[in-house]
Structure formats: C-alpha cells, structure tokens
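Listed below are the structures to be examined.
In what comes next, chain A is part of two complexes: it sits with chain B in the first one and with chain C in the second one.
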Partner chain A sequence: MPALLEIRGLSAGLQGRRSVTQVVSNVDLDVQPGEILGVVGESGCGKSTLATAIMRLLVPPQVLQSGSMTLRLNEGSSYDLIKLSESELRELRWRHLSYIPQGSMNSLNPVLRVERQMTDTLIQHGLSDKEARSRSAAALELVNLEPKILYSYPHELSGGMRQRVIIAAAVSMHPTLIVADELTTALDVVTQRQILQELIGIRDELGATIILITHDMGVVAQIADRVAVMYAGKIAELGTVNGIFETPLHPYSQGLIGSIPRESGQRVEGLPGEAPSPWNYPTGCRFHPRCPKVFDHCRAQTPALQAQESDRWAACHLYDTEVAADV
Partner chain B sequence: MSDLLVVENLRQIFGGRNQTVAVDDVSFRIPAEPTIVSLVGESGSGKSTIARIILGLLQPTAGRVLYDGADIATSGRKWNRKFRGEVQAVFQDPYSVYNPVYKAERVLKLVIRKFGLAKSKAEAQAMMEEALRAVDLRPEEVLDRHPHQLSGGQRQRLMLARVYLMRPRLIVADEPVSMIDAGMRASFLNILQDFRDSHGISTLFITHDLSTAMYLGGEIIVLYQGRIMEQGATQTVMNAPLHPYAQLLISSIPTPDPRRRWDEDLSAAPLAEIGYGARAGRDRCLFADRCPQVMDMCWGARPRLRRPKVDAVESAQRDVACYLYE
Partner chain C sequence: MTPAPASLAAEPSAAPARRDVFLYVLRRFGVYLFTLWAAITVAFFIFRLVPGDPMNILLGNLTRVEGRQRDAEAQEAIIAHYRQIFGMDEPLPLQYVNYLRKAVLGGLDLGPSFVEYPAQTKDLVFRRMPWTIGIFTTSVLLAWLVGTGLGALIGWLQRSRLSQLAVVISTLLQITPVYLVALGLIIYVGYTWRILPAGGPYARHLQPEWTWEFISSLLTHAILPMLSNMIVIGAGFTLGMRALMISVLGEDYLTFARAKGLTPFTVLKDYAFRNALIPQVTALAIIVGATLNGTFIIEVLFQLPGLGTLFVQAMGLRDFNTMQAVVLFSIFAVLTLTLIVDLALPLLDPRIRRTA
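Here is the complex of A and B:
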C-alpha cells in the first residue's frame, strides 16, 4: 500500500541572527494509512519540531529548510505539503489534518462554554448551528463524554475531560491524519489508559491515521503499531513495535529500552549522558559521544537510515555493510 | 529501636468556601532500618501536603509526626537543628532551590561550611568530588557551572550530591523524577537504592508513577483523595493488589512491553471522575462512585484500614481499607 504521508529529507531549524541552527535533520519517514505511529525519544530531541513541521505550523524563529511531504488521500489526490500556500493548507487542515499540540488541554478558553469552542470553527466553515452541534456531540461520544458537557465551562471539567474535549474537537470533522503531541503526559495513569484506548477506538471507527508523539516508552508499547525512535533531530530507527522492543538494532534504541525500570530487584543501568541540544549536535553519528559501540568511523561519517531486515530501518554504521566490511 | 518516622492520624483541611480535605486520617511509619517507602496516588491525592507536613513546612489540622521518637512540632531548637540535618527534601525540579548566581561548587561548599563537615580546603574538595561521583556526575563537568547551564537530570543529581554530603537519615523526595528522561531516571533510582544499601539512608519517595515505585521495591502506600487505600510490601501490593482502586491503578500502568498490552477496554467502565458526578460527604468509601464491586454498605461508613481477610485467611504484609476484605 502506498504511504499516506511520505516524508523525504525534511529539515527544520531555528533562525538565528546569522544562520539557521538545524533542529530536525533530513528526516525520511513513511506513515502508513490506518496505523498508529509512535515517535519517541528523550526530551529535546526534536519530536515537537517534527510534528509542527509536518503540520506546517512552525512559528518563527522556527523555519522549514527543505524536503518534501507527500500526502496521498484516498480519493486519489496527492499534495506536497511543503509546496502548499497558506490558504490551500487551511483547507486541507480543515478537511484532513488534525493537530493536538503538547499541553493543549490548558488552551481552552475559560470564559466560553465547551459548545462555543467546539462549534465555532465548524460554523465558520459553513456548517449550520444544528449540524455543528450534532457533530460535536457525536465527537464527544467517541471519547466517552456525554453531550451535556457541551454546556460546561472548562473549569468545571477535570484534566482528563478537558483533554477529551480537545480530542473531540480535533476529530469532529473525521480527519485523515491526526498528529498528537504528548497527548496524555499530564494525566493520571487511569485517565491516560482510558484516553489511549479511546484513541484506538477513533482510529478503528474513523479509519484515521495517527502519529503519536511521546517520551513514554510504555505508551508506545501499549498502543503503537510502528515506532520511530528519534535522536538529536534524526530518525535513529524505525520498525514494528514488537521488533523495536524485542530486538532494537540501534544502540540508542537499545539504551532507551534497556534503561526502562521494570520489576523490582532487577537493576537496570541508566543511559549515561544526555541528548545534545541543536547548538551542540556532534559530528558524524550524533549519538557517538554516548554510544557504547562507537568506532572511529562514527565520529566522522553520518550514518544514513537504511533498510535492514523486513520492516526495519536503522541509521547506524554497525549495520552499514560497506562500513562494517572496512572495520 | 524506635521507628525513624511515625505519622499519626494526620488530617489537613484547607479552608475557604470550598473546604478541601487534603489529608484524611493518614498514619504510617518508616522503620529504623534503612527502607524506601513510596507514597503513590493521582495528582491531588494529598501527597505533597503530607510531605510538607513531615518536613515541618505546614502545621497539620490534626495529628502529629514523630521523628526518632520526638514530636517535630514541639521539640526545641537544638532538636530542630538535628532534624534539619537528618531529614532532607528533594523536589521535582530543584532549580528553584538554587541561587542562580551560585555555581555548583558554591552550592556544595555552602553545605560543607554550614555543617562544618571539612577541616581543610583539600578535605572539602575531596568531599565534593566524592559526593559528585556518588551520584554519577563528573566533577570537572559540573563544578564550574551555574544551575541553568546544567540539564534537569544533572541538577537533580547535584541536589542528591548535596544531600549525600549531609548524610541524612531520611530523604523526602516529592516527584523527583517526573521531569527527567527515562534514561536518567534509572540512574536516579539506583542512587536512592545505593544510599539505602551502602549509607543507611531511607527515602520517602513520592510519585504518581507506579512503575518507578515498583522498581524501587520496599514499601508502598496507595493514597486516594487523602486516604490510604492499601499499603504493604511493594512487591506484594503490585503483584496482587486487593483494593479495587489499587487494582485499577496498577492495571492502568502502561507496561513497556507490547506483548503485555492492556486487555479489557477500560473506557467501557463507569467514567465518573474525581470532582465530577462524585457524591458529597466523606462518611463512606471515597472510591464507591467508581468501584465496580460497590455494595450498599460502602456508602454508609468509612472502611477502616486493616489486615485484609482473603478467603477468611488474614493476608500478611499489607493493610487494605475495603469492605470486601472484612
């Protein structure tokens, strides 16, 4: 099946006075229709920048530098998101793309009832009041909220309910692609579990495709179909969730998975060091200062993301047949 | 030997028009032998309030805290000094604790001076380096830096280095790892375990993240709306929780293993959440409006925390506040 979204060579950065500091570098990523793709990595590794770049919602000093992002819709049309004008983008976002930014449950307007906040955009786009209300009520149902929530003010709702309202608003037009950034990070585990299960329901019922950005390996293990591991602005590894958790190839994925605290009495070692900021990205493989398997080549040459066994891509010289032959 | 810390019938009611019962008759103890006790619960369940009371930062509405046998509220100045030295706090992000113009070196030197820990400059230097190594920091990487030049994980460990210098008997750590990344989290938790095993330092570890409590082992206390629902050996409670709330909480942990996914759909369960649809009054089981096993009696009076009877046999190593086990 062709990818729903085909990202090639996507780079984005921060505009400084003299030059641009690259934050996200040369990302290649295919998003398959109907999948939940988890994007994981330590904080500061560029996950949110990637999400906003995909949505074309970067704000200065953030700048899009290069690449292409082909979105193929099932009616047969396809678009390069990078080339679209602002008005074309607006139309596409309204019909097909939905973005739930990090921390958005705190972005509801405290003085407006939920109804206004959910229906305003729908009405602006030409829906009748009645249509807008019934769509909103139906969307609330997808996240297990009663329609009477429409008449509440945000402060009357718990954090979990506010997050559900945000999700409902984001899916009320049945988007093709949903990008959700740290959707459940601020919530308690029980609410987190309910919301993630509702998200699976939304995918199943609406046939939506979801990119779920999170720093939490547990969340990814529970609901993602495939996982992209990001490090210092690049994709380090991409594969199925079982593959990545059972046989991580990239030393960074190995470190991430190996440092997860599990049962008591089973001591795990942390991942030493910290992720670099964009102003200090190392040369060659950006993971080399922390990599237990580093060799000379890694310090100078940047490994490309290459296909490994089936359904797996890794950017590491260990799996680079030409380089490995040299060593 | 008396217990290191005894918390007796703590109650904390915050005033105002909408009175909040933040802590509702909470009792527990930390034994004299080095132990890690985890206090877990959703946000708003009263964890930080309990920590503040234990640290003497907040006077409780009722109840008392005994440290090493003495009431922390009524002991004299000399004793207070001992308490300040022996009980140390570690907060979520210690950024606010540091003076931004002080370099890390100064932060540590101040402690050494204040507590008269070293006799010479050389000794002070050696102590600082040892403390930093104990928390996996390289002295040359941090001593010369200001707090804002350190990462969250480094600041958090610098805080532990400071604590290490003081050799307290008890650390009260309120959500210390929730701001740091998973990779660093494991090292932080390992340090607390080393403190316990090699230096006899106990920790009251406060968290909303059950997986870190599970990793730490020791004892666990599960709070819900200011009350203890279940407490006991962490492994016993985590492996087979008895209280329906503890069961819900533990089954909701996102286990980092795609082969062990959540099974049944929780979203189909009753969705009453705290603060919404909850029935008023506290003379009842506070979990009654969400409990799948609720019975009539659960609405009538508060279940007491006691040794549970499972199949008429007393289950050791824990206490539960639920009518199912009486």
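Here is the complex of A and C:
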C-alpha cells in the first residue's frame, strides 16, 4: 500500500540575519493510510516545526528549506505539498488536510461564536449555510458535545470543551489527514483520556489518518499505531508502538522508555544531560554526547535512518553492519 | 425585579444576559454622573486659584477706555455692583452651591459674561459651540477611520518596506506638537504656496447664509484646521492600530484560521481586524479627551470663533462664568462621547458583557 504522505529530505529552520539555523534536518517519514502515527521527542527537538511544516503554516523567521511531501489521496490524485501555491493549499486545507494546533485553548477567536468559527470554513469550501451548520453540529456530537454549544462564545466553555470544539472543527469536513500538535497537553488526565478515546473513534468512524505530535510517551502508548522518535531535528527511530516499547533499538529510545515509571518501588532511569538546541547541534550523531554506548565513529559520522527489521528503522551506528564490523 | 413569566423559561440564557447588559449600562451611567460632578467641581475651584481679581482687570479696562481715574469710593461702588451681578459677593461655598444649582437646575444658566457683557455665557457658548464641534468631532472621527484602516494595513503587511517606512513617518508625525503642524500648514500651504485659506472661518466679504459660495468658503477654510488635527491624531491612531494588529497576528487563533483554509481577506476581516478593533475603540474614547485642548489651540491659530478662542479671551479677563461654561461644556462633551464608546464596546466584545 503506498504511503498517504511521503516525506523525503524535509529540512526547515529559522532564518537569521546571515544564515539559516536548521531545526528539522533531512526528515524522511511515511505515513500509512488509516494509522495514528505518534511523533515523540523532548521540547525543542523540532516536532512542532515538523507539524507546521507539513501544514505549510511556517511563518517568518521559520523557513522551509528543502524536501518533498507527497500527499496521495484515494481518488488517485497526488500533490507535493511543498510546491503548492497558497490558493491550492486553501483548497486542500480542511477538506483533506486538517490541523489541531498546539495551545488549542487559545485557538478560538474570543469574539466570534463557535458556530461562525466552525461554519465559515465549510461555507468557504462550498457548503450551503444549512449544510455547514448541520455538519458542524454532527461534528460536535462526534466529540460528545451538544450542538447548542454552537451558540456559545469560547469564554463560556471549559478548557476541555474548547479542545473538543477544535477537534470537531478539524474533523467537520472528514479530512484525510489530521495533524494534531500536543492536543492533550493542557488538560487533566481524565479529560485527556476521554479526548484520546474520541480521537480513536474519529479515526475508526471517518477513516482519517492522524499524525499525533506529543512529548508524552503515555499518550503515544495509549493510542498510536506507530511511533517516530525525534531527537535534535532528526528521526532517531521509527516503528510500531509495541516494537519500540518492548525492544527499543536506538539508545535514545531506550533512554526514553527507561524513564517511564513502571512498577512501584523501582527507580526511574533518567537520561543524563540536556537536549541540544538548534544553534549547537553536535557533529556526527547528534545524540553522541549523551549516549551511553558512544564510540569513535559516532562523533564523526552522521548515521542514516536504516531499515533494521520488519517495520523498524533506526539511525544508529550500533546497527550499521559495516561500521559495527570495524569496531 | 418582577418574576419572569413562564414563557421565558423556555429560553433560559436570554433573560440573565439581558439583565447583565442592563446592569452594565446602569453602572456605567452611574460612573458617568459621578465623573461629571467631580469634574465640574474641580473646574469651579481651579479657576478661582488663578491669580488676578477679575474686578481689578475690569476696572483697569474701564479706566483705560474712559481715560481718567475715578476716586476710590466710586471704584468701590462699581466693584460692589459688578460683584453682585456676577454673584461674587457671596462666600465661596455658597457660590459653589449656586453654581451647581444654576448649572443643573437652571439649564446651564451660568449668568452674564465679562467678555461680551451683558451677553449671557450660555448664549455665548451655544453660539461658539458649532465651530468647535464641527472641527473637533469631524477631524477626530476622520483621523480614527483613516488611522485604523491604515494601521490595520501596515500591521498586516508588517514585513514590507513600504509599511516600515509608514511606521517611521507616523512616529515622526505623532511626536510633533499639533501647533507646529498647524503653523507649518499656515505658513506653507496658506501663505507661501497660497493653496488654501489659512485664517478665519470663511472669506471676509461673505455673510453666513445658505448659498453655495458661503458653504464652499466655509469648507475650504475648514480644511487646514482639520488637517492639522487629523495628521497628528491620525498618526497616533495608525501606530496604535498597527501594534494591535501585530499582536493579534501572533495569536494562536490566527494560525488556526489560516490552517482552516480561509482566504486572507476573511482572516484579516473576521479574525485580525475585528479583534484589534476592540482596544482601538477604547483608544478613541481616551484620545477624545486628550485632544480637545489641541483643538482649542488650532482655533486660536486659525482665528476660528470657537470655544477655544472664547476661552482664551475669557482667561484674559478672569471671566469665571465663561470659563466655567466652556469647561463645563467640554467635560460634558468628552464624558458623553466616552460613555457612548463604552456602551458600544459590549457590541464588539462578548466578554465585556459578562465581566463588566
């Protein structure tokens, strides 16, 4: 089955006075139709930049440097998102490509009623006023909200309700791909769990594909099918949730999984050091200063993301047969 | 409050919302009345602190006109006579009570004026008022409209060279005192290049009447005074609106609006402009108060027979009645405009309806 979204060599960064500081470096990623792909990593590892780059929502000083992002829709058409003009993007957005932003608590305009904010897009995409309203009401029901919420202003709703309104808005046109950036971060665990359940429901009911950006391994474990672990602007490891949680290959993934509390009484193993900022990414493997299994080769050579076993990719010299043979 | 009839129960949210609005209006009106009282009280006492007894000034003028000095007894008699006419023979607290009584119950009757004795101050103010209102209101409103539109545009296009240039120009204009702008316009446009008339309310040979000649003369004479006011105030409004737009453009809901695939025009209109407009309307209310004195200076510079010129004349004579009338009127106008703006805000911002 061809990937729904095929990202190749995607780089994005921050435009400085003289040069561009690369935040996301040369990312390759395939998103399969119907899956929930979790993208995890520490703060500042470039996961939100990746999400905004996929949505083509980068604003200066953020710049898209290179790469391609091929979106294949079921009707057979395919687009390179990077090459699309603003008006072509507008056509694609919401109909096929939806976004649940980071900080979605503030993503509703405080002076417009929910109805206006949900229907304006639908009307823009060619629906009649009546259709737009019934679609919006139906979308609200998908996330367990009453349709009368439509007549509320955002400040009259609780945080969880606002988050659900955003999700409802994002799915109201039954999009093919939804990019959700930290959608449960500001919520308490109970609400978080409910919303994640609703998200799974949406995937099953609408057949949507979801890219879920989060720093929370727990969230990923709960709902994702596959995980991409990001470190310092690169993908360190990619695989199924079960695979990565049971046998993480990359030392960084091992560290992340090791830092999840499992049994009471057991001490949690933390990762030493701090994640580097884009202004001083280390040479070679960007994880090498913190890596417990570092060897000479890591400091000089950047490892490529290579297939390891079925449905598993890792960017680490430990699994590089030629390099490993030298050691 | 009477209990709501049963028919209202079907629509539970409407009744409390209406009550909220009612309470908001009531509270705002209370604040308005209190401020009005406080301001006219301050106005009463502050002029009496200005050095110089109006009677001495009056007597001095009289002596100059008649060309001879009267004896002390006659002077005393004249002063006593005038003091009684102007109600200044009473002790200060009683004067204050009389002043309040006349202002509120007597229909703004503040007695005769010195400047054009025996004309009543009330008539004087009403005769001069249209000039001030005409120049002031029109120029502030035009400046607000132009400034808001321009500010929204240069905020939206914040990265373009042209809009950065506009910021520099607006900043320069905004910090220029209004009288310098007015003088510049008078000197260059009015006298050096002789493009527009720069003095007087209308051409000297005309009489006020409903003819095209008079009206066009009136309008061309109004251009420069209004322009001086507009340039300075408008530059301020432009900068204010630009800053508001830029901060709104950074909001999460703007990114979301773009992600929804709305056209830039819709994003600008419904998400950026609408939200930036709320503080901009408040700014209008604040500026209204702050720029009335600028208008008074402009009137003097352009020799317009408005309240500003009247006030300057009255100040020279320590004409308390007239000064009070002008100030009373200005306070009333500013506070009323502020009230209107405040009452209009809930229409723009649903959050104020609840919290205020």
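Throughout what follows, the second predicted complex is superposed on the first by the 326 of 327 C-alpha atoms of A that agree within 3 Å, B and C clash if a C-alpha of one lies under 4 Å from a C-alpha of the other, contacts with A are read in each partner's own complex, and residues count from 1 in each chain.
Keep in mind that, in the parts below, a residue touches a chain if its C-beta (ideal position, glycine included) is under 8 Å from a C-beta of that chain, and two chains touch if they have at least 3 such contacts.
Computed from a prediction, not measured in an experiment: that's the story for all the values here.
Asks: Specify the outcome, clash or fit, for chain B and chain C once both structures are aligned onto chain A.
Replies: Because the two structures are overlaid on the shared chain, the partners are seen to fit without clashing.
Asks: Looking at the overlay, what does A:Arg193 touch: chain B (first), chain C (second), both, or neither?
Replies: Only chain B is touched by A:Arg193; chain C is not.
Asks: Between chain B (first) and chain C (second), which does A:Gly239 come into contact with in this model arrangement: first, second, both, or neither?
Replies: In the superposition, A:Gly239 touches no partner, neither chain B nor chain C.
Asks: Quick check for you: in the superposed arrangement, does A:Val268 touch first (chain B), second (chain C), both or neither?
Replies: A:Val268 sits against chain B, while chain C stays out of touch.
Asks: Can you tell me whether chain B or chain C touches more residues on chain A?
Replies: B
Asks: Once the structures are superposed on A, label A:Gly38 by its partner contacts, choosing first (chain B), second (chain C), both or neither.
Replies: Touch partners of A:Gly38: none, neither chain B nor chain C.
Asks: Answer with first, second, both or neither: which of chain B and chain C does A:Pro175 touch in the superposed model?
Replies: So A:Pro175 meets neither chain B nor chain C here.
Asks: A:Ile260 contacts which: chain B (first), chain C (second), both, neither?
Replies: Touch partner of A:Ile260: chain B, not chain C.
Asks: In the overlay, answer first, second, both or neither for which of chain B and chain C A:Gly46 touches.
Replies: Touch status of A:Gly46: no partner.
Asks: Which value, in Å, gives the least CA distance between chain B and chain C in the superposed three-chain arrangement?
Replies: Between chain B and chain C, the minimum C-alpha distance equals 10 Å.
Asks: Hey, what residues of chain A end up touching chain B and chain C alike?
Replies: Touching chain B in the first complex and chain C in the second, no residue of chain A appears in both lists.
Asks: In the complex, go through chain C and note every residue touching chain A.
Replies: Residue list for chain C touching chain A: 159, 251-253, 255-264, 266, 270-271, 274-275, 278, 348-351, 354.
Asks: For chain B, which residues count as touching chain A in their complex?
Replies: Within the complex, chain B contacts chain A at residues 42-43, 136, 151, 153-154, 181-190, 193, 208-212, 214-217, 234-235, 238, 248-249, 252-259, 261-262, 265-267, 271, 273-276.
Asks: Under the stated contact criterion, what part of chain A meets chain B in this complex?
Replies: The contact residues of chain A facing chain B are 42-43, 144, 156-158, 160-161, 188-194, 196-198, 201, 215-219, 221-224, 241-242, 245, 255-257, 259-265, 267-272, 274-275.
Asks: Contact residues on chain A for chain C in the complex?
Replies: Touch list, chain A to chain C: 55, 57, 59-60, 86, 89-95, 98-99, 101-112, 116, 120-121, 124-125, 153, 155, 166, 169.
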